[in-house]
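One chain, chain A, appears in both complexes that follow, with chain B as partner in the first and chain C in the second.
Our next item is the complex of A and B:
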């Protein structure tokens, strides 16, 4: 299967939480922001981007899988997603602590780790976002888009710094 | 290529798995004294506490080994390595030829004195079985590190009256500084677990059965005594083979996990490895280090030179619903760093960022411009990034500059997550 990744656009995000609601709905059958694998981080800074979608980036060398004492996090070869085997997980939260992104969370009802599984290859959050702040793109295209975006950002930083 | 792996812990298994992923032809044989597939020693306290059933401690099944095409010689002890003949000799006299040998012999719990009835350690699954079968009512746990605390909490939940005896003047000496340790101690004492710090265990009392423990200050009665003072690498085979042992008491390995004997690799709890922060060799006996070392050993063994980045420590204990986590070094440990060359002379500005609020607490240990450790109680979110900042050696002054510049922060939104940690003081 073609390798795809979730691409997040903070500048488009309005913080409406629709992605979080649908995420918990499809995974747990209830619309509950506390059970969402994707999260909107509200920054309290004075900058322009105050809502930043955060979700597991399915690392290539994942530290969450590394620290798991039950080997409960492994890659789904179909989708490329790192998936928690809930029957193995003992809920020690070491993966939650270790992930630098906050991509792994704790399912307070099931008592185990939870993280984005890319909905089996067809992420619901992408479909529900009204502002296209999340896209699910093939790695190649993703690379080009982010590079373009990077150049754009660099321009803006120069503007700020050398104004 | 014939590879023999001695030991079936996570290091040995991770080595076998990596070998198989890299080569379908490689002939892999695993020798282990236990007859069961890979299980997680880290969750044994949960098993004792009755939180998970026995079968839940297993990470792999016998079938997994079959699917991977790994020959298993379980229930056998490797007694000898013949370096010139390149063979391993087993306790039943069988010889196994090898092209490469991986030693993953692991560690065992340190136990002093005689093993009276009722005296236990906790390292293997059968140790946990023994403790469960014993069914005592009053326990003394010697050692208040992470494992000691987990055992104490587990026994408490099984209805035991628990007393802890720790030689150092605080609990969790490798994870927390005095302040955090005091809080965790409070959590234990609140439930009626007595904690005696700064007391040395002198001898066990009783005849055939244990009836108590004498420390240098008191006698505590008990019918169950558990040693949790630490783990010691198992070196019998390495010593017999004439492989060099390091100063810290583990097999000495280079960055490629190769021992002093060419073609013989070692990984996991039996080795001493370089710490990612200081570069010094320590016994870093943690699951994730063993996991990674096994993979590195396998890669090198099959001819893909790979360097081990260094060991990292992370302590994570659940104390009656309070999550206690720590990584890196404590301020106490940093104060003892005078001897460590890469850090020498930089001790002038040790600073602490510390904050507590509504039952949560954190402390960051910063030396010069680097974060060297973090201690957290009831905080789990967003500290992974602090860990990576510590490992990477990110400049703290640089971070603070970034935090102050909103325009830059917008370009590094993830830093918003850790900015609050640096706001106090």
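Our next item is the complex of A and C:
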């Protein structure tokens, strides 16, 4: 299985909330920012570079699964997503506290842990983000993209210094 | 049946009694008036005393969150406010994007009604079922941005905040509210109405969710619409780069903006010298902000990079429009001063659209000797940054000449006297945005005259940009697609190569009213070009669960527009108030485009008599009496407004006979 994750670009996020609304709609049948697995946390006036998308990064060694005494969080071998087995989860919220990225939340209606399940391998949030602030990428491709981004930044610095 | 979209509750907050009342939404009424703008008008008709003074505790603020708000449907983000405005005395709407509307909806309310007056400064906090009236004593005297920051600090950034600035506190009515520092709401004095109620701010954060009747169908349609945007990556790139500044060439060159109090046109060369898109990208732009679910993030985050005002930042909706007014009406002279002035207006709550026009007017009055240094406090009034800031600072404190101007044309004309009204270019006390001698008389220009709100174009103009170089037939497919009946099309296009703008405008007005009712943003062509009429009936039906055709949506909107008109008929407004400003009939001498005269889309000059004929056509197309501009009894009854017809008849306001052909 190829390792893939949702890659986030705060500098592209215009703060339109479409990803959150779609996420809660497909998972819970209603549009609700509080039940969205992905969250757009705004700062100040909420423009690009001021909005921070937050979502589970499907850790290689997942802390949430480690701390779960019920064994309710496990990896789906087909999609690579860490998935909550709602029938095993007792709603103790330890995973919510343990995740340093804010990737796990508490489903306040169902009373269990809630997190991104990658929509079974085809994330809906990615499809409604017209400015590619969320991409679903294989990790090797992300490596190259990250380097390219670094090169762009460096290029800009050179332009400033040597102009 | 599963009902979605509508949250099902009306929230009334009585500030005098410190009472919060929740009542169920009558779904039949909601379907009849759709929501947002339409429902606001219906509730205002039933609950607002038409004779009420705008600053009386009995005046009400109706805030409507249409059924699409809070759903993932593309561009579902516009909430609507209706009140009796202090600047114009009309009962009319304003709309805003930003996160406030979705959070009220996600809290479980379709409508919020504010009435009464608090004993001391308060703010209203809505968080789902929990609605609180909180003490705002320490916020009084703080500007918009300061208030927003303090409330975010206290309650968390997840809240959407609508504060009033300092000008609103002293009842300045050429003011507007900011939503989360960026979107704007309620031109014509929403802050002043809130100030009169001792209401410093609204806060909302929703946690209850919005039901969608058929999520699968909604998602299919949403993806179909988004695919059309995705197929135009060049366009998306342009929008993320320039936002509304993509319209630069339009205002700077192709059309142009009026200056010198509608007696000049801002020179194209000057516009390119100071305000070029290249300069904007390099020295002004800091980021892009989007309204909820809008595929085009067109709002601006701007930050001055260099000079005296370096570091000043602002978040601005329709940035280009505001740049234009500061540039052309106030002639502030540099992009930096332009943004600095905008930031000051935002903090105080002054409306860039309204107050710059009044400054422009005052400068002409000074040049003509009608205003003297005695009036100005010894200051020479000029088209420049210093005059702009001087008058804005006075307005903020409601003192001196700036204070007089800040009460809008109607009151300022009374206070200044001396024949100053002759030079006031306004309709119903509101300034026009567009000069038809520069742009020719297309939808927006014509709408400024007939809009019950006053000379406000975006509320009701056709959603297409009407570039004069396109053939008449270009507009037919849009009208056909949006469900305009065949017989109407025959009247709009009576002969090849021509359209009658007065007969076309009602359908544009209705379309915008429809969008403001269901809760969709429009931004005219920038977004609307990517939609088809059938999208809207499909989205409305899949969200609400009420299978509704485009024709039925049109019918509901027409009903809403008629009740909107009736609200103002009841106040005494009629054809006598739909007046083309005198100055539009004078030739406009420009520095670089020769002499421009009022003409139709095709360049044929129009006299006042021609314009009066166009008004006849407009009322006729609307089913309103030609002599009075008032809806006929038949029109009201046909749109299911029997109660409205009865009321107007009882007051003796219905036209005696239908003069229509």
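Here is the rule we use: the second predicted complex is superposed on the first by the 143 of 163 C-alpha atoms of A that agree within 3 Å, B and C clash if a C-alpha of one lies under 4 Å from a C-alpha of the other, contacts with A are read in each partner's own complex, and residues count from 1 in each chain.
We take it that a contact is a pair of C-beta atoms (placed from the backbone, for glycine too) under 8 Å apart; a residue touches a chain by one contact, two chains touch by 3 or more.
Predicted model, so just to flag it, every value in this text is computed and none were measured.
**Student:** Regarding the shared-chain residue A:70, is it in contact with chain B (first), chain C (second), both, or neither?
**Tutor:** In the superposition, A:70 contacts chain B only.
**Student:** State whether A:106 touches chain B only (first), chain C only (second), both chains, or neither.
**Tutor:** After superposing on A, A:106 lies in contact with chain B but is clear of chain C.
**Student:** By the touch definition at the top of the document, which applies to A:94: first (chain B), second (chain C), both, or neither?
**Tutor:** first
**Student:** Once the structures are superposed on A, label A:33 by its partner contacts, choosing first (chain B), second (chain C), both or neither.
**Tutor:** A:33: touches chain C, not chain B.
**Student:** In the overlaid three-chain picture, which partner chain does A:41 touch, first (chain B) or second (chain C), both, or neither?
**Tutor:** both
**Student:** May I ask you to decide whether A:155 touches chain B, chain C, both, or neither, giving the answer as first, second, both or neither?
**Tutor:** Touch status of A:155: no partner.
**Student:** Looking at chain A, which of its residues have contacts with both chain B and chain C?
**Tutor:** Shared contact residues on chain A (touching chain B in one complex, chain C in the other): 41, 43-49.
**Student:** List the residues on chain B that touch chain A in their complex, please.
**Tutor:** 10, 40, 42-43, 46, 51-52, 56, 59-60, 287-288, 291-292, 314, 316, 318, 323, 325, 376, 380-385, 387-388, 406-411, 413-414, 416-417
**Student:** What residues on chain A touch chain B, complex-wise?
**Tutor:** Contact set of chain A toward chain B: 10, 41, 43-49, 52, 54, 63, 66-67, 69-71, 88, 90, 92-94, 96-102, 105-106, 153, 156-157, 160-161.
**Student:** Would you mind writing out the residues of chain C in touch with chain A in their complex?
**Tutor:** 70-72, 74, 99, 102, 106, 157-158, 180-182, 206-212, 215, 218-219, 222-223, 226, 229-230, 236, 240, 286-295, 297, 299-301, 315
**Student:** Which of the residues in chain A end up touching chain C in this complex?
**Tutor:** Checking each residue of chain A against chain C gives 14-18, 21-22, 24-26, 28-35, 41-50, 108, 124, 127-128, 130-131.
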